[in-house]
Structure formats: structure tokens, C-alpha cells
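See below for the structure under consideration.
When the chains are written out, they are named A, B, C and D in that same order, and each has its own residue count from 1.
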Amino acid sequence: MSLTYIDAIREAQAQALRDDPRVFIYGQDVGAFGGAFKATKNLAKEFPGRVLDSPISEDAMIGLAVGAAIEGLRPIIEMQFADFSTVGFNQIVNQAATLFWRTNVPCPIVVRLPFGGTSGGGPFHSQCIETIYAHYPGLIVLTPATVEDAYSMLLEAVALDDPVIFCEHKFLYRHLKAEKLPSEALPIGKARIAREGRDLTIVTYSAMVHEALEAATELSAEGWEIEIVDLRSVKPLDTDTVMASVSRTGKLLCVGESWPWGGVTAEIIARVASEGYGLLDAPPQRLNAKDTPVPYHPNLWTAHRPTARAVATAARKLLRT
Amino acid sequence: MLQTVLDANPAGETLIARDTTLAAYRFMLLARVLDDKFAALWRAGKIHGGVFLGRGQEALSASIGVSLKKTDVFAPLIRDAAGRLAFGETVLDAVRTYMGSSLGPMRGRDGNVHRGKPQEGYLPMISHLGAMISVVNGVLFARRFKKISGTVGAACIGDGATSTGSFHEALNQAAVEKLPLVLIVADNQYAYSTPTSLQFACENLADKAIGYGVESHSVDGTDLSACLKIVGNAVAKARAGGGPQVVVAKLLRLCGHGEHDDSSYVDPKLKNSPLGNDCLKIAEEFLLRQKWTDTATLATWRGEIVREIEEAVAQVQREPAPDPFAENWSAISSEHLDETHEEP
Amino acid sequence: MLQTVLDANPAGETLIARDTTLAAYRFMLLARVLDDKFAALWRAGKIHGGVFLGRGQEALSASIGVSLKKTDVFAPLIRDAAGRLAFGETVLDAVRTYMGSSLGPMRGRDGNVHRGKPQEGYLPMISHLGAMISVVNGVLFARRFKKISGTVGAACIGDGATSTGSFHEALNQAAVEKLPLVLIVADNQYAYSTPTSLQFACENLADKAIGYGVESHSVDGTDLSACLKIVGNAVAKARAGGGPQVVVAKLLRLCGHGEHDDSSYVDPKLKNSPLGNDCLKIAEEFLLRQKWTDTATLATWRGEIVREIEEAVAQVQREPAPDPFAENWSAISSEHLDETHEEP
Amino acid sequence: MSLTYIDAIREAQAQALRDDPRVFIYGQDVGAFGGAFKATKNLAKEFPGRVLDSPISEDAMIGLAVGAAIEGLRPIIEMQFADFSTVGFNQIVNQAATLFWRTNVPCPIVVRLPFGGTSGGGPFHSQCIETIYAHYPGLIVLTPATVEDAYSMLLEAVALDDPVIFCEHKFLYRHLKAEKLPSEALPIGKARIAREGRDLTIVTYSAMVHEALEAATELSAEGWEIEIVDLRSVKPLDTDTVMASVSRTGKLLCVGESWPWGGVTAEIIARVASEGYGLLDAPPQRLNAKDTPVPYHPNLWTAHRPTARAVATAARKLLRT
């Protein structure tokens, strides 16, 4: 049996519903229909009264989740696309994210964001907006890059007592496969060395991990050994693992699919530059998407986001400095 | 005691019983005196930030508080000192929050009207108008999910906040889920300086209920007996499974939006209309007319209240202010995931 | 020509005149054939991303397009191919946008139903439901601000999108500002897979108008003549200064939410009810019954339409795809403020 | 005659209304009342029909502005507090910010955000959220630190053809004074050397410029000469001026009042580290607010935000490396 990334998301939710009677799922079309991406397929039948269709009301969806969390439940909210979470933005960053700090009452909710670019997705079905959530205090922001992490991190997210923004990459949904579900996993907050190398460290996350891996393969043919750090969690950030890798390679390239101003790549470089300055023997570099909305046409889309080729080019430049 | 009266009469008829009315009146008086104290402290520079009063809205607000059980859910807004106290908040916690005492429920982290105790069903508002209603829905949803029946959730909102998308999404959500939500709209004629004519175009805010398929009730917000009856009735209907209830009370804000605001924009015609009546005075006259109490008793009450408040303020002024060095500067409860940002 | 008819009859009675009905029918047919072509191209893997059809909603949509003047404002949604064409969009621009041609109005930057020409009053939807209504308000506000009278703005929305806060804020805004907005609600019984019973709890979506203090009109969305009459009437009332008008049409989506969706969740009872009737067939039968046309003419029309669409597709397939190297990768128009982010 | 920062905001709006018939102002209580902070005092009387009260509908307020801009008008939208713009967030980042790129039709709107901390403001009336707007493509984000800039930058913002997020610091409103309105000014996009120095560069913006200046005075008594760069605009960022300053001092401290994850300080350091690595002779440092909501009590608030003392301490540490 082989599972895709979306299967893992579904299995994790099934497992959470099975293990914990406090868990329920609320979102548009998640019930009988099983969700726009089939992440909740058959769950409404398997768990009657615990997988519920919501009206098209993102603000109220999050508000309801916070109230349910106050009452001790563990809601999983599915946004149909991450891009639409902007309509529920206020309830996420000002209601859910501030509850614990203000009242000492935890807010264990998971907001699932199907995010990231796919061919033909266009400006409003492709966005990577982990940055706007990671910037606010009070939220955990996760970006699994593998089938195994999609499963184990979602399960751990549901168990956490804090609001979690769970960024699932749509491009990986059916693209990635694994043989079986993991029995153990790295805990949330720890980054993973996706590939070991000595010449250059690429720090990245989510779908870009796979572009980086492809670039590394290409570069190894040229004799370069690239180390790849998969952040897994962008808030908190596992700075230690990043530093340790940079201390081995001396060179840092950060790759992200989101827009260039601010965000994960800026945060990583700022931390390494201020805390691990001496480790670097070349200027750290960044590769992000272009600073425009995500284009519809595949020609434009593949030029807008970093690809394996773009990563390889950036890495080569850095390796030659 | 109030509760027993309420429980005995789900239909709410006896809400205007002597004891209930007197109890509600006392909360109104308590809130009025407390508000005045906050205003005085503010003028004396003893309160940082804004001070927001419920002057003129005590009858409506107190009616909500006395109509709810302690096991119910309450999401008050900025003009609900009376309702908060009637629901069980102590004067001490109110004062602590305004003065930022580290011993208050908000520990100096949040202040003034942004106070509550979520786990006691008393939800602390965030400032964003309309945002609390769906949170009440969530608590009610969870109670049902946990097979706990008989809970009612009351959310307060102003005429201005009915224009927010959050109000709409939440009321519709409650209607679709048939939750026991009682949404109390205090139509006090203004949103800050903005008159209702610039806020909505329907005849009466109660008309909005039709579009959500929920029941609505209108009431004269200056009349305590009417508020007790109508609000109690709405609460009883929600509790009995009648689904969301909207209560629209017409009244006038008898103070500035905040104490910084002289509210000179308020139309004199409104001030001189029945809407401009002070619900506290009206209730007092009513109680005396009914011979349910006498001026001596009321004077005693006022004395007790003033003393209670003065003592609370004195105590809070002796309480420790929050200590930034002792403070745990983390916004998450999962300590192992906390990122400590070292200062350079 | 249509316009003259419209102008001559602000009350809209003659909207069901022969020529108007025939013109509307032809747009319906054009939209149906065009939609089918997009579906075919999608199945052939020639279209990236989603394809969204208006099957079953052409009568309502076309009625909007023919009821508007070219100087009016139109914000269609995903099921409005007919209305778009009737408002003046060319088949070529529709095809160009779906296929991402660099010569299309969206230049391959945006695609499928996200197309329009703002400066011609044809607003390109963003995906976020409800978000376009207040934009229409803005254009109407600006026309009034510039002392341009007689403009009407039509915004389309579905039953599901009535649950968005944006819908509420925008309709209320239009009511307060008394803008000539015509808000057309296509109540097609489902929002993606979600039935209306899980979307709202009011009897009829038209009831919502009361709470905003605006006029509403209900219509059988499967009946072209009725749609032309009711929509035309609403447009005329808005144009005459009657303020916002809400039109609620009952119908059924006769396709999947998108072409990827087999819509197996649609209740057979609904399919077999009058709501399930195909407005195109009904209109055709009506026209023949009225002897306003004959099968030969209709066959000719279909032939012309098929040819027009095939030619358009053939032409677009020869047109240049967007070139990422020629692309100006800047999201702002102030070139001197553009930050060029050099790739490392 | 002496003007405050808020006077300058008001004067700029009066000037814009006078100069350009396409300009109008829309926001809660901005009409007869003159706005929560009196930024539009008397303007409704002076300019009948052009300064309008809106319902409490931030989403629709921005939507209306975009429609009016499409029609050639130049709306100025006042949010009563920046913190409430989260409710209009979607219309700002997905409607206004994408219009030009999608359709080639410019979207000249100005969204005024009274932002930043004041004593007793608390979690929802104090936020610095320039980051979430700067991260999205299509927006100009301005943060004037002086009375003169408040005036000239707002006037220039109204003249720009792009959507501008105008962050006015509430702490400066009545705190800052100037003798008269400026007759000329630096253009938007150019940073300003607020103080010259040779030992260390502090890059900052908005209210923090004044904390930095105070710190610099304190440090000059110790013989240190601190150069202070006032960014004025956080998007676009004037990287050249920053680099030039760092090339003179060799040391960089970035100070911001917003939350620590991502944002202006991270972006500045990432740029300097990757493009101006050789200019640095010590690890660049950052000083931001703490990663919690903004506290209500003054004791907590002054510890939450960077103050002159905290800036001086951070600078001393860096100077001694």
C-alpha cells in the first residue's frame, strides 16, 4: 500500500478523531463531500456529528473554533484554500493567538491551510502566506514537506495546546508518495537534515525542499555536496540545527516559495548573521518567489516560483564565491 | 436566589417580581457608581488609556446578567458593567483590570473593558466589534457536542457593530446551527459620533432577524421592568430550544463614547425625547411607586456600594503592579516551543 | 438596439419584447456552447486549473447583461458567461483568458473566470466571495461624486456567498449610501456541495433585503421571460433612484461546481423538480411556441456560434503564450518605487 | 505657530482636498466629528460631500475605495486604529494590491493606519503591523517619523498611483512639534540620515527613530558617534542609503517596534548580510518588541517595546565587539 501526502492528512485526522473524543472538524464541504481536496473523505460517515460543513464564513468559523477550544474541545478548521484565510485573519491573529496570553486559557485549535502554488492556480489559489501568521505572537506555524511529516506533525498539532497554522502544500498532495505511515517522528520544533553535504547549506521548507533536493542531485554530478535543512516548522524556527549545518558548510542559501519581502528566508538569514556570523565564509543568499501575485499561466508560474534549476543556479554562484 | 426564581419560571413571567427587580436595580446602581468612580480616577490620571461607561444602559445590561445562570455564557461589551456584575464579576476584578493590578484576571496584560474569565463562561472581549459572537457560538456548540443541555449564551452588540461582517457571519452561523444564542443589540442611537442613519437603512434593527430566520424582540431600554421581562423571555426561549433570539433595545448613551469624548454631537432632540431618560432614575421611581423599597433603603444601598467601591480601589492601589522582570514573556502555552528572543 | 428598448421603457415592461428575448436567448446559447467548449478543452488537458460553467443559469445571467447599458457596471461571478457576453465581452477575450493568451485582458497573469476590463465597467472578480460588491459600490459612489447620473451597477452572488461578511457589509453600505446597486443572488441550491439548509435559516433569501431596508424581487431562474422582466425591472428601479435592489432567482446548477466535480451529491428530487429544468430548453420552446423564431433559424444560430467559437479557439492557440523573460515582474505602477529583487 | 504630527496629517489632507478634486476621505467618524484623533477636524465643513462617515465595515470601506479608484478618484481611507485593519485585510492585500498587476489599471488609494503603542493602549490599540502589508506584492508602506514627513509623505502618497499603507504613529501624534510645514522634502523611497555618526549605524523608522536619537545622545556622552538612518518607507526599502551608512560605520543595529519574527529588521539585516557582507566588521544585531501581544500596563508596555535605554544597551554591546 502506498500513501500520498493528502492521504496522510486524512489518516492523521481519522487517527485524531479516533484517539480523542474532543476532536471535531469544521469547514466548507468537509462533511459528506469529504472536502475540496478529499482530506476528510468518509470521515463524516465514520465519525457522525464530528465532521461538519460550515457556511462560507471564515471569520465565524475561527470564532466558533476558539469558543469550542475554551470549552475544552480540539477543533480542526479546514480553510478551502489558504488564500481565503485572509477573511478569517482577524479571528486567527487577534482572537485565537491572544487568548492564552491574555487569560491563561489555552487555545488548542488547528487551522489547516491548503497552500502553495500549482499550475493554473492563479493569484488567489496559490499563495504561501505562512509569514503573516508567523509574524504574530501566539501561533505555531507548520510546513510539512513529506508524507511522513504531514501525518505526524498534524497529529502532534492536534495534541498541542496552542493555535497551530498547518500549511499543507497543494502541489505535494498527490505528487508525493510513501510506503507507510511513520511510527515515530521528529518532534515539532526540530528541523530535519533532508540531505547531508559539506559544501553549502540550503535552508528551506515545504514544497521547496523537493526543488532543493533535485538541485542538490544536479550539483552532486558537478562534485558539490549540498546539505539541505528542512525547517518543518517556521515558527518556532530550529535555529540550532541551521547553525550547526552552517558551521559545517560555511555557506547558506535560504529558499522559500513566498514573497521576497520579510518572511522565513529573511528571518533565517537575520538569525544566522547576528548569532552565527563567524560561521559564514560567504555572504548568505536568499531565493524567493517574485514580488508579484502568483501568475496563472504555467510559463509565468514556473518563472515566478523558485525551481530546482533556479536553486541550482543560485547555489552554483554561491559555491563559486 | 434570582436563579431559583428564573428556573421556576422558564417563560420568564415572574421576571418582574419584586426581588428580581430590586436585585437588578442594585446592580444598576453598583455599575453606575463604579463607572463614575472610573471616570473620576481617569480624570485624576490614575487610569491609563480609555474609560468607557454604560451610563443609560444599566437597565438593559443588568437584565441580561440577572437573566443568565452562572453556568451560562456571557460576552459583554464596553457598556456592560451592570451585566458583568450581575453575572458574577466582583467589583474588585473590575477595578483591578482598569488599574492593571497583577492580581486581576487580566494581570495587567489587558485592561479596562477587556476583561473576563473564559472558563467561567465570562468571555473577555477583544476590541474588534462583532468578533465575540461566534466565540459564544463555539462555546454553545461545544456544550451541545458534550451533551450538556440547558446552556444559554448571551452576546452584546451595539447598533454600529451590526455593520460588521463578523456580526453577520456569527448570527447566521448560530441560526444554521440552531444555537441557544441571545444576541442583545443596544441601539443607543450612535456609534461613537455616527448616528444610526449613517449606519443602517432598515426601519428597525429587529427587522434584521427575519433575514436570518431567527426570532426578535424589541424593548424600551430605559425601562427596567420591560428589559427584565423581554430579555428574560428571550433567554427562556433560547433555553427551551427556540434557537437564536435577537433582542433590540432602544435607548441613548448618556455619556461620551469614552470619557475623553464630550459627545457634543448628540442631538438635543434625542436627549429630550423619552430615549434620553435615565433608566436608573426611572427604575428608582418605579420601585418607590410600587413601594417595593423606600428612599432610606436606597440611601443605605448607595452607602454600602460607595464603601465597597472605595475599599476595592484602596485595596487595588496597594496591590502589586505587574513586574516586567517577573513576567513570563511568552504568548504560547507549549513552553518547549517557546522561542526566547535574546536581546542583542 | 436593446438599449433603446430599455431606455424607452424604464419600467421595463417591454423587456419581454421579441427582439430582446431573442437577443438574450442567443447569448444564452453562445454561453452554453462556449462553456461546453471550455469543458472539452479541459478534458483534453488544454486548460490549466479549473473550469467553471454556468449551465442552468444562462437565463438569469443573460438577463442581467441585456438589461444593463454599456455605461453601467457589472461584476459577474463564476457562472456568468452569458451575462458577460451580453454585457459586451467577446468570445475571443473569454477564450484568451482561459487559455492564458498574452493578448487577453488578463495577459496570462490571471485566468478562467477571473477576467474583466475595469475601465469599461466590467469588473474582474477576485476569488474571495462577496468581495466584489463593495467595489461596485465604489464605482457607483464615484459616478455620483463626479455628478454622472443614470449609472446602475449589477453584482452577482450565489446562495453560499450570502454567508460572507463582505456580502453583508457591502449590501448595508449600498443601502446607507442609497446606491443604484442591483444585487443578483443566484440561489442554485448548493454552494459547492453544501445545500442551502446548511448555509442559511431564513425562508427565502429575499427576506434578507428587509434587514437592509432595500427592495427585493424573486424570480424563477429557469424562465427567461421572467428573468428579463424582473431583472430589467430591478435595473430600471435602481436607475430611477430607487436605491439598491436585490433579485433572488431560484434555480439549480446543472453541472459540477467545477468540471472536476461530478456533483453526485445533488439531490435527485431537486433535479426532477421544476428547478431542475434547463432554462435554455425552456426558452427555446417558448420562442418556438411564440413563433418568434423557427428551428431552422435556431440551427443557423448554433452553426454560427460553433463556428465563431472554433475560430476563436484556433486563433488563440496560435497566439503567443506569455514570455516570462519579456514579463515586467512588478506589482506596482510607480516604476521609480519598484524594488528589483536580484536573484542571488 | 507650531504644529504637531497630527496637525500635519490634517493639513496634508486639507491640502490634498484643495489641490485635487478627485480626493475624498472615507472612514468611521471622520465627518462632522473630525475623526477619533481629529485628523479630519473641520474638513467635512470645508469640503462638503468629500469627507464621509462610513459604517463600521472595514472590508466594504476598502472595497468602495478600490471601486472609486478604478473610476479615477483618489480615496483616503481612515482606519480608526491600525489594529482594526485586519478586518479589511483581504480587500487590501487581495483586491487593492492585485488590481494593477492583474488589469494594468492603477489603484491609487491611501489607507491611513493610526498605529503603534501608547501607554494603556493594550493588545488591540497598539499594534505595529506594517510587516503584514509590506510582505504582499502591490503595496507601498510608509512610516513617517517626523512632523515634516507626516505632511509631505501623506501628500505624496495621495499623488501616487499605487495603494499606500500609511502608518502614522499615535505616540507621535501630539508628542512631536515643528515650527512650520515643509516646503520641500525627500521623495518617498529615500531614507534619511537622522543623525550622522561614524561608530555604529542604527536603522529604524517611525517612533523608534526618536528612541534611537535619545540613545545616541546618551552614547555621545560616552564618546560614541551613532549614525541613525530613518527608513521613512519600509516598502520600498532604501537599501542604498543603509549600505552607504554601514560602509562608513561597519556596525549595524536594526530597531523596530513590531514583533520579532520577520519584518523590517529581518529584511534589512538579510539584505545587508547578502549584499553588503564585506561592509560589516561585527555581526549585525536586531532589537524588536517582545513576541507577545502589546501589554496594557505601562510597566509591561515599556518593557515590551524598545526604549532609548534598551537601544543604548544594545548599541553599547555591539560597539564593544
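The rule is short, and it goes like this: a residue touches a chain if its C-beta (ideal position, glycine included) is under 8 Å from a C-beta of that chain, and two chains touch if they have at least 3 such contacts.
Computed from a predicted model, the values in this text were never measured in an experiment.
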| item | value |
| --- | --- |
| Minimal step count in the chain contact network, subunit A to subunit C | 1 |
| Steps needed, at minimum, to go from subunit B to subunit D via contacts | 1 |
| Furthest chain, CA centroid comparison against subunit D | C |
| Chain centre separation (subunit A, subunit D; CA means) in Å | 30 |
| Length of the line joining the C-alpha centres of subunit A and subunit B, rounded to whole Å | 40 |
| Between subunit B and subunit C, centroid-to-centroid distance (C-alpha), Å | 45 |
| Two or more partner chains touched - positions in subunit C | 106, 109-110, 114, 126, 128, 163-166, 169, 172, 176, 198-200, 330-331, 339, 344 |
| Touching two or more other chains - residues of subunit D | 55, 57, 59, 83, 86-87, 90, 94, 97-98, 101-102, 123-124, 137-138, 235, 261, 274, 285-286, 290-293 |
| Chain contact graph, described as a line, ring, star, complete graph or other shape | complete |
| Of all residues in subunit A, those that touch subunit B in their complex | 24, 49, 54-55, 57-73, 75, 90-91, 94-95, 97-106, 137-140, 160-162, 188-189, 235-237, 274 |
| Subunit A residues within the subunit D interface of the complex | 83, 86-87, 89-90, 93-94, 97-98, 101-102, 123-124, 131-132, 134-138, 235, 258-259, 261-267, 269-270, 272-275, 277-278, 280, 282-286, 290-293 |
| Contact footprint of subunit A on subunit B as seen in their complex | 105-107, 109-110, 114, 116-119, 123-124, 126, 128, 131-143, 145-146, 165-166, 169-170, 172-173, 176, 330-334, 336-339, 344 |
| Interfacial residue positions of subunit B with respect to subunit D in the complex | 47-50, 100, 106, 108-112, 114, 126-129, 160-161, 163-166, 191-194, 198-200, 265, 321-325, 327, 329-331, 339, 341, 343-344 |
| Contacting residues of subunit A [partner subunit C, same complex] | 28-29, 31-33, 36, 53, 55-57, 59, 81, 83-84, 86-87, 118-125, 253, 260-261, 285-288, 290-293, 295-300, 302-304, 310, 313-314, 317-318 |
